[in-house]
Each structure stands twice: as structure tokens, then as C-alpha cells.
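First chain A sits with chain B, and in the next complex the same chain sits with chain C.
Right, the complex of A and B next:
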């Protein structure tokens, strides 16, 4: 199949998926208890008058039949209009544009750190004894399973309260981002390292590694030229998932380290029933996930066209 | 009638800025050395708030406590409370109530200007009351506070007459709350969002900028005029250059930031950190909120708590004192009152509240709950003795949630099946609106005993259009209703006190309520912070006289 056709199909599939996600979100928020009009008029426990609530319902089309509301909702989304935040009275797109850079910065730095840790862990494990490898596996499993909340709190106690090296609160300084990024990176690195170590071991014991050694290549050359390149591919494949995982992890990490960002906006919006905001951020997260997956698959398709055709190996 | 002379008022008000005496701050004395020297100007105070980020910095909008805490720094009220708990003029210079109680004449202090440079005139009183009453403002707390004001009539530049629909001896208390703070009429005329982002008042600080989800930046008002005389001040300006109001939602992070000196003050301090701060050179300010105490209300509108015997049995079954001691250490003294310990008309009766399991069992037997099912839960006419308690995780701190879990275990010993539902705030309000509760702990902050009418008058069972209602115990006693209305309308202070005492007795003695402790409002601060202790009428700390040693 031609690569352009393949790409067009993928983009089409992503669009359909986005529509499904938008529909699921639309249905889901109708099951959340609480009156949206109340959320608009001063939040939970509001004692707004009947007229004020009615005016809010009118303004936000909450009185229309559900299908009309769905149509209006999709129509607005199609034109890129995410609506106005109930709580902040500002356009959702504006709030998201303000918060996005902070979250992107956090997740990108966390991804880089996760890759570095995973690479070092995999390299050490691949070159150590059977016991060393077993230890490596245990460390990876533990790292992958640590909840962000607990990890963040521990890092704050150690590096901020005891040692005093790093600030507990991220106020936008270079030192400030270290603890949140590491908190986000460690569980991720556990997953990546597991995957990398397996492929690394396979590669280092493969016939082409043996051949390289036979040609007189040093162990280091074999490792970087053959082993690492081979091991990186499956981990790259996981990057789409890793981006999604770090965005969901950002909800907790941003809260713990008092960092502004989309994750914290989402949590606040859910608690205050700020439906347009919840919808906007949830849709955007889905979009990012799909874009990253598409990019990763495209890169893979170029590297290995057979994989794109589905007749891999 | 209730006429003060201007000079008397000034003296009273000066006492007010001398600081409300705050309970429990005695143990913080170690960090407040007299040796710290004279106040120095300069430096930015870094405050860390654990509250949810306000939607709007104008406390007229909605009207919750976090808005009160921050707006205390940049807005001022017509009245305030002095250290004896008396309501005294602040932006107002004097006030007078007509013979029939229907007209309050308020005269403003001359020479005050708003942050936008416009002078404070009687027009501002009118504009602010109208702003609170405008449905578009979406005011809840302030709206209720000025409900009885029908019209504001301007007499001259500094004097306005407030015409009421019925006498309201709580009006000045209501106007001492920051939810009714006075803002520039020009600023109020802007659209909602603009006003929310930077309200314009007369306070010692003003809003400079707002970095969402991070901090709100306040700077000193360089033209501040203190509405009252304070002989200890050389000039009227605040000592601090500004306040950085950080938003740090996690309690552990907040405390870590305080310990490492990243922030100067934290709010929402939890019992365990207050305890450990005791030996860490960290100061502690306990500023219990006015209005209602923290209490469990027993829903008397439906079974089983429609039976007073069952209500009393529950109160006998649970160990409040032991639980508070174990979970709150010494940070929350037990209350036996419907009202906060800062309310001078609060009535307390500790003889009513004690634990006696045998008595609880006898009461339930007497009420007819004599059968038992397989789980040892009591039954009557085929119904199980089930009670549901929705708990708001926003309002009930972890220690309080644990306390309720202890009650759950103790109640089961006498045959209750008590269910606790942990809910976020919106779901919790929804559960109340659907009457899906038998027990509930709902805080209510308001200055003065008139909060009793809001909480226990039968008209408060009637839900607002949103489903909200304040009388969660669903007390419905015509005689009580009459007393509460009379107490609010009487011009006679002694009669008012007597009526409120009767009202509180009626509610307490019929076991509609189990008082726990004051609404907790704890602050911890580093040794650099000097001059802590003053608070507004709603017990929000003021930083006008606070200074930093470094």
C-alpha cells in the first residue's frame, strides 16, 4: 500500500476516534451529579435565584433537548470553539493555551529523564550477572508500580525537607522542575527499561552481534551499534503510550508540586463541574495521544515499510 | 437609638486594629519575641493557601471563605469587630438606627480613596448593595446578608440611608463581613470577568496580577488611609511591599515549603502538623471562624431521627471527647454550643453531651427498635436502623473524616448501621438537596448570632432554586421561628441576648445537633513573620501590621 494512502487512512481513523471520544465525554458528563446551571452561578452550594439559574440555562442552551445540545456541541467543536469556562468566565481555549506550555515542558523533560534512566538501567542489567539481572527486574517492577503521589511526597521529604537541596514548590525555576519531572519519570522509566532490557538481551545474543564480535568489534561497539539500536525501536513504539501516561500523571504531579498546568486545571474543573473545561482538556489529551501515535507509526512506517503493511516479520 | 458619638467610635475602632484576641495563639509565643525590635518596612510576604483557587477575587461573587481570606487584604468593610467582639464602624464613621428599626443611616469616614483614585462617597454604599442584589453578580453569602435592604437613599456625599423591609439588628454585623466589602462603583460597573480578576477597593494592599493556578500578586497601596486613628503608626502604609498569595493544594507540600522557608505562612494547617510545628520554631495562629460551630446535624424530617429518643441515643453512643483528643490532639477544644466560641451570645450546655452506651441502648429499646437482624443491627417493624452520612472531602479534613469513622464504629455497638459516603463538594450538595442523609456536618460562617435563623428557622428548610437549604437538621418548631424573628428585630440588646439563648436551648435540648468544635482555621508561620494576630470580623488574618525581620 502506498504510504500516502496509508497516512490518509490513519488520519481518517483518528478523526473518527476523536468524534467517538467527544461523544463519550458528552454522555459521561451528563451522568455526573450536580446542576450545570449551579456551577455557572457561583459553584456548589450556590443560592442563586430562580431567575439567575434560568438565565444561565438559557444562555448555555441547557433547556434544549439532549440531541439539540449534542448537535450544538459537535458543531462548535468542529469549528474549534471549546466554549467558555463556567467557573473562570474565560474561553476554554484561552485557559488551555495558558496552561499547555507548563504541562508540555513537564512531560517532555520527564520523558527525556525516563529515557535516560531506562537506558542506564537496561544497559547495566544487560551486562550483569544473572543475580544482577534479577535485581534489575525487581527495581524496574517497583519503579513502574510506585504511585506518583507517594513518590512526590517522598522526594519532597528527602530533597526539600531533609537535605534542603531542592524547593518543594515549583515556581518556574530550573531547580523547581527537577522534583516534579523526576516524580513523573521514575514510574515511566520502569516500564521503558523492562522493554529495552529484553530487546537488548536478545540483540546482544543474536547472530549479528556474534558476527560483529567475530569481526573484532569491541563489546562497547557491539552494544551501541547493534544492541541499543535494536532495543530502542520497541521503546519508541511505547512513546505514544508514555506521552499519554505522563499527561495523566501530570494531574497528580502538578497538584503535589503546586505547578500550574492542564492536569491541575482538569482536576479543578471536575470538582467544580466546569463542563466546558473538562470537555476541552479531555478532548485535547485524546488529540495529543492520537497525534503522537500517528507520528510514531509514521516514523516506523518509514523505517520499516513492512510493518506498516501489517506483514511484519 | 443605637447612636454612638463619633469620638467614642474612634476609640472602639482603634481597639479593633489593636487586634482581635485570638484563642490558642498563646503557644506560639516562642517565635513572637518582643526582642524582634521595631517594625521594619519592606519585603514580600509569601503566603501559601491550601484552598481551591477562587473563581473570582471579588467576594460579592458567590461568597466563600477563601475569597474572604484574600479579599481581607485589599477590600474593607463598613463595619468591623473590636477585640471584645463588638461591632464597630470601619469605613463608616458612625451609624444610627431609626426608632422603628427600618432605617439605618450610615455616614462614611471622609478622605478615603479607592485604588483607582476615586473618593469613597455614599454613592459607593448604594452601588455595592445594588451589586450584591443584582442576580448577574451571582452572590450567595452577601446577597443573604443584605436581603432586608429595600432601598439605599443618598442623603449627602458621605451619608446614606438604608431602608429595610423589616428591622434587622444584625445588619451592621452583616456589613462587617468581607462578602459585603465596599468596592469602587466604577470598578463594579465593569464586566464580571474584569471585576473578578482585579477588584478595586480601599484596603492596605491592592491586586496587581493573577498567575492562574500559581499565585495572586498583591502590592502595597501607597495611598492607603487608615480609617481610624492608631497612635502606634508613624504613617498609614502597610509594612510589607506586597503579598504573594501562592496556591499549594497539598497539605504535605505546603508544610514542607514552610519548613524549608520557601513560604512564610500556610493556612489550612492540619492537627498533626500543628503538633509537630510546636517544637520546630514555627508560630501558630488559631483563628476560629465566627457563626456556627462545627457540628453534626441530625435530620429530624425522616426516620429514624424524627424520633427524639433515637437522636439522643446516637449522641449517647458516640465518644466525641475521646475522638477529638486522639485525632486533633490539643488543637480543637470541644464545643457544646451551636455557635462558635467567638460569638459572645453563644450558649453552651456541656451537661447535655456525654457518652453512655447503656443509656443509648435503653433509649433505642424505649423507641421500639428492639429486634435485631443477623448483623446485630436493630430493627423495628421490619425496618433496619440505618443512618446515612454524606461527608464532603472538601470541608471535612482527614482528622474529621477519621472522627466520623470512629462514630460509625461506636454507633454500631448499640445497633445502628451507619454509612459514611465520602463525596466531593458538588455531589455532597446534591445528596443534601435530594434529602439523602440522616446526619451531616455542614459548616456555616457568618458574623453574629443571626446565623441561628438561617440554620434553624423552618423557612430555611425551603430549598433555594438550586436545591440548597441551610436548615439541615430540618428543625420545624413554630415557637422557635417566632423567637428567632423577634431576636433579629428587637432593638433591645438584653432582650436579643435572652431570645437567642432560649432559641439555642430549644435546639440543643431536643438533640437536633451534636456540637463538635469550632470551625477550624489554623495558620502556621516562620520566625521571620512579626506582628501576627489581627483578624477581620470573619476571622481572616490581616497583614497590615505584619512585617518581616529579614
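Right, the complex of A and C next:
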């Protein structure tokens, strides 16, 4: 397929997906109990007067019929206007732009760490005995199952309180990001390692690996020329999900380590019913997911051109 | 006599089994490989022939011991891995069976062929293209950049040969290099292997098929349960086999054996002996009634004409052999007869009733009368179903897989296919290849069909196992007058099994007729070519 048509199709599909996500968010928000006008005025505790509430409703078109509201909402989104945060009284886009770098930095570092851990774990497990493999499986399952808040707390106790090596809260320094990133990475690496080990083992025992050995390749060459590619494919496939998972994981991790970021803003926005903020972050997460999937597919096409063209077998 | 390239004396290979037990895969095997000569190693799967072959490259795994293991003047008994790698990359090469996965599907084949060469990147690729040209790969420059899923089975096998030949080896080990290839490709690969010996290479050719090996090998060793049971010159093995097992292997080859004459000398373990069953042409219940009548079937996928105006008929209790190479449209024709693929044009009648085209609800009753068996039975079983669940599911027409009332009928079916009822609680993956194919037959027999479509039913089986399955199919046909459509690329099998033969190529039926006439007096040029490629060799059937 021609690259332009392919890209056009992708962008079209992404636009439709974003519209669906926006619609789902719009509907979901109507189901949240409580008066949005109250939230705008600072929540139920603010004791806002009836006139003030009415003014807020007027300002945010909350009195209009639901379809008109939906139309206005989509119209604003289409022009890139995410609205104004109820709680912070600033444009959502501006708040997000401030928070985004911190979260992206955290999730990217976490992804890299997760890939490294998973790769090393898979490589060790694939080369060890049956008992070693069983142990590997157990470690992977435990890693995948640990909740972020507990893991974060444990890492703080060990590395900050006891050993004093790393700060417990974000300090804006390099040391400050290590613990949050590792907290986010460990459960992810458990999932990735399980996938990688499976396909690595299959590849290393396949006839083409035997053929490679028969033409004089060393174990290391077999591993890097054949095993690694086959192991990376399913894990790459999962990376789109992994990014989404680390953004939702960031909600907890940023809170635990008191790091500013999108995740923490989302948590705050949900708690204070700051609907434009929730909408903005949710839509943005969907967009990131789509961009990551696009990148992943491109890398996959590079590793396995046959599958990308759809003529695999 | 010239100097031996490889000398092996009392080679044994063992693997750790469950607990402290030891599996002796190869026991005291001795042989020599001579430059310019081919040694054939024959045996069933599990006979230790592949492990023996891999021991010559230091890839057997397990515990290898030998009194002599001399490879090109090197004592290879305690060779360090680095030196093994040097031998493997250069002087000793292996040609693997193309199991679709012998070339890494993620890498272009020029890398798979040449990545062991100590050359620069560009030179390696150039060498790979040259190697492909030498094995007569069509379009070598284009093909070199493609990956194995884009190549046909024959091209992949050529690439595998090119891979083995690129380092100018002195010793080549070909492990089942012709298994699962169709007649013409087999011929081609065998010719290329023979060509190697004329270049002075010492060749070891391993196969379960004595007939194929006999065409290339100067000497043959026959292996069973890890031991050599017989060794000798090829002619001597073929004409005066001394060991019972060798005779059994020879008898299992279906070429030239008349219809309904049993191929397997020995009934496999746990089977029910068929007492006094008359097995001859005379006892057939065939009549003139037509079981299947196909007229003008055509199917086009996109702009590819898969099947073009095919008409054929099968008599009640008779077998039509459908022969053709891979991609000739055999399987699409079978799927249309089964009502699984809708034809663009054409009709299928079953016992005079219209089966295609017809509304699904109208033809449902007819579906029970027609069953199918495929090459890979494991893929057609739900891996989570036990044997009893598979059979009960078929008996109850998919309504249940556990009901007790079908149990007796399930046992009867197993008895029909000569399987012990103890397999009921086991799972398909725990069965051997032959047992799985028997189970597939049992399942197909559950609705008591009048017609069976057999799509390459024995192509994945060893010759000796194939013999027992073919005998079973013969017996079922004699007892129940079931009609068979027998699809295969193997001419010897089709000769043994068919009353009439239809030959397909490029989606068209080029010739149809009585089996004897097609085989001995083919009229169409394609059929003549096909027959010319078939193995021609004499076996003393009187033994």
C-alpha cells in the first residue's frame, strides 16, 4: 500500500476514534451524581447562592437541551478548545501543557526500564533449567500482580527511610524520578517478560535456530539474530497497552511520590468534579495511545514486512 | 577405496528422561561417509536417525559417546564448541526439512543463506544470490530479498539447499529434505542431492521413505529404536532384505501394490486383529450408483482462478484419486464438494439430491452423509477435548461432549479404527501421528457417512504408519461401501487406493479415467510429465 493512503487511513481512523471517546466521556459525565454548577462554584462546601449557581449554569450552557450541549462540546473540541478548568479557572490546555512533560518523562523512563528488566528476565529464564524457568514464571507473576501504591510505599521504606539513597518525594532532580519510574516499571516488566520468554523459547528451539547453529552460528548470534526479534514482536504489540497502563499507573504513582503530573491532575479533577479537566486528560490519553500504536506498527512493519502487508502465509 | 570423510564407530546418544531414567536415542551405531558417495539412513520417527545425523554436526544434544567419531580427520569426540562451529560453518553442512520454519520468517533469505560467510555485507548478499542461482531458484535477485512466507515450498527447499552449499562443504547431511514435497519437487531435490555426490561431496541422506532414499543412496542403513538393524548396498537392501523390519518397510511402500492388498505386515500394538476378513476386489460392495456428481464447478478468488470448470463423479463404494501439485486447486475443489466454499458456478449432487447450490437448511440432512479428513488432524481437534469428548461431540452432532449414552458407540468407533478404548481419556496431543489420524477417521465415521473426502490424509505420516492407515481405509470401504475422494500428491498412494483418477493442474482437470489407464497410458502432457517424475525402482515383492 502507498504510504500516503496508509497514513490518510490511519489519521481518519484516529479522528473517528477520538470522536467516539469524546462521546463516551460526554455521556459518562452526565451520569456522575451532583450538580456541575456547584462544582464550578467550588464544590458542595462552597455554599454558593442560588443566583450564583444560575449564573454559572448560564455561563457554561448547562440549561440548554442535552443535544445542544453535545453540539457545543464537539464544536469546541473540534477547534481545539478544551474549555476552562472549573477548579483552577484556567484553560485546560494550559494546565495540561504544564503537567504533560513531567508525566511523559515518567512514563517513557518507566517503559524503557520495563523493557530492559523484561528482556534480561526473559533471556535468563530462557537459558536456565526447568526449575529456573518455574522460578522465573513465579517472579513474573508476582511482579505483574503488585499494586503500584504498595510497591511505591515499599520502595520508599527501603531506599529512602532505611538506606537513605533516594528521595521519597519528587525533588525535580534525576534521583527524584528513579523510584517513581521503577515503581511504574516493575509490574509492566512482569507482563512483558512473560510474553517475551514464551516467544523467545519457541524461537530458540525452532528449526530455523537449528539451521543457524548448523551453519556455525554461536548461541549469542542465534539469540540476537533470531531469538530477540521473535521475542520483541509480541512485547511490542503490547506496548500500546503498556503506555495506556503506565498513564493510569501514573495516577497512583504521582500521588504516592507527590509528583506533579497529568495523573495527579486527573485524580484531583475527578475528586472535585472538574469536568473539562477530566475530559481533556481522557481525550489526550486516547490521543497518546493512538500515536504510540502508530509508532509500534511502524516498527513492527520494519521487523516483519510480510505481516504488515498482510501476506503472511 | 578412498579415504572416509566421516567415520563413526559405536556412537551412542542418550538423553535424561523423567526422574533418573535415561533415554537411549542412539545405541552403538557405526558407519562411514565416503567422498562422492551417498549413505541413506532409513527409519521411522523416533528411530534415532535424526539424532545420529545431528551428532555429525555436534548438535545432537544429550550425552554423546563413541569409540570413533572422526570428521574430516578431526577427532570430534571431545571437540570444544568453538571448533565445532568452525566445522559447521564450513566443511560440514546440514539441509533441513522445510517445515515452513527452517528459515527465519522475519529475515530475508539472503541473510539466512550467507550470514555465516566471513565476508563484507555486500559480498555476502552477492554470494547468496549466486548460491540461489546454482540451485536454480527462479529470479534469484528478487527472491534473495524476500522472506520465507513469501516463497513456495519448493523455493524454500531450494533456499535451504543453497544455505548448506554456500560454504563449499565436504560433508552434507540432508535430514528429511524431500518430506512433504510433491512428486516433481521431490524429483528435483533428489536430483540436486545426487548432483552433490558427483561433485565429490560425502552425503548422508535421512528419510522415513526407503523408496526416495533408494534413488540417491549407494549404501543404506536401516535404523529402529536407536540401533542399526540392517546395513548394505542399496540394491542388496532392496532385493534381498534380510531383516524382518526392512521387509516390513519395503512392503509398506504402496507403489505397485494392487488395490485392497494389505501394506502393513504387522498389526500395530493394541489393535484388534481382523480375523479372516476377505480382502479382495471380489468382496467389494460397489455398485453403479453414483455417490457424488460434480458438474462445472468454478471458483475465482480476486483475479486468481482457483478452480475452472471441474466435473467429476464418484461411484458408490469406489475411490476417486485426485492428483495435483500444491496450488493446483485440489483443496478448493474438495471444500466446494463439502459445501464449505460456495462455488461461483456449478452443481454438486449427492446420491441424486442437489447439495450445491442449496439453502443451508435444505441440505443440512445431506451433510451427515459426507465427511472429511485432513492432513493435520491435530489442528482440527479442540486441544481441550479428550478423545471421548471429541467422539461424543461428533456422535451427538455437537449437542454435548459428555453424555454417557454415547460412550458405547464411541468405543465401537475406536474399535473400527483399531484403537484401544484406553485412549478415551487421553488428549489428541498425547497420541502419535498415526493414532491421531485414526481418531480423525473415527470422528468422521461418527455420523455414518456414505462419502469421505480425504485431503492428503497420510502425507504427514511415516511410510510404515501410512501403510496401516491406508489398510484401515481399505477395510472400512470394503465393509461399509463408503465412497472416497482421495486427494494426494503422492502417485504411489493414489495408485494403490484409486479406482478412477483425476489429474488437476492450474485449477483445471486435465485428465480423468480408470486408474490403470491414467498411470500406464497417460494422454495429457502434464500427466505424462508427472508420471515421468515418479520414482521408478524395483522391489522384490515376492519376499
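Quick note on the criterion: the second predicted complex is superposed on the first by the 292 of 313 C-alpha atoms of A that agree within 3 Å, B and C clash if a C-alpha of one lies under 4 Å from a C-alpha of the other, contacts with A are read in each partner's own complex, and residues count from 1 in each chain.
The working rule: contacts are C-beta pairs under 8 Å (C-beta built on N, C-alpha and C of every residue); 3 or more make two chains touch, one makes a residue touch a chain.
Model, not experiment: these values are computed from the prediction.
When the two structures are aligned on the shared chain, A:229 is found in touch with chain C, with no touch to chain B. Looking at the shared chain after the overlay, A:167 reaches chain B, while chain C stays out of its contact range.
In the superposition on chain A, A:124 contacts neither chain B nor chain C.
Once chain A of one complex is fitted onto chain A of the other, the partner contacts of A:72 are absent, as it touches neither chain B nor chain C.
Residue contacts after overlaying the shared chain place A:208 against chain C, while chain B stays out of touching range. When both complexes are overlaid on chain A, the residue A:87 reaches chain B alone and has no touch with chain C. In the superposition on chain A, contact of A:218 is made with chain C only, not with chain B.
After overlaying the two complexes on the shared chain, residue contacts for A:260 are found with chain B alone; chain C is out of touch. Between chain B and chain C, it is B that contacts the larger number of residues in chain A.
The residues of chain A shared by its contacts with chain B and with chain C come to none at all.
Of all residues in chain A, only 32-35, 37-39, 41-53, 55, 87-90, 95, 98-99, 153, 156-157, 160-161, 164, 167-169, 171-172, 254-261, 264-265, 268, 271-273 touch chain B in the complex they form. Listing the residues of chain B that touch chain A in their complex gives 48, 52-53, 55-56, 61-64, 135-136, 138-140, 143-144, 192-193, 196, 211-214, 246-250, 252-253, 256-257, 259-260, 262-263, 394, 424-430, 464-468. Across the interface of their complex, chain C is touched by residues 206-208, 210-218, 225-226, 229-230, 233, 303-306, 311-313 of chain A. Those residues of chain C lying in contact with chain A across their complex are 57, 59, 81, 85-90, 93-94, 96-97, 99, 101-107, 111-112, 115-116, 147, 149-150, 160, 163-164, 167.
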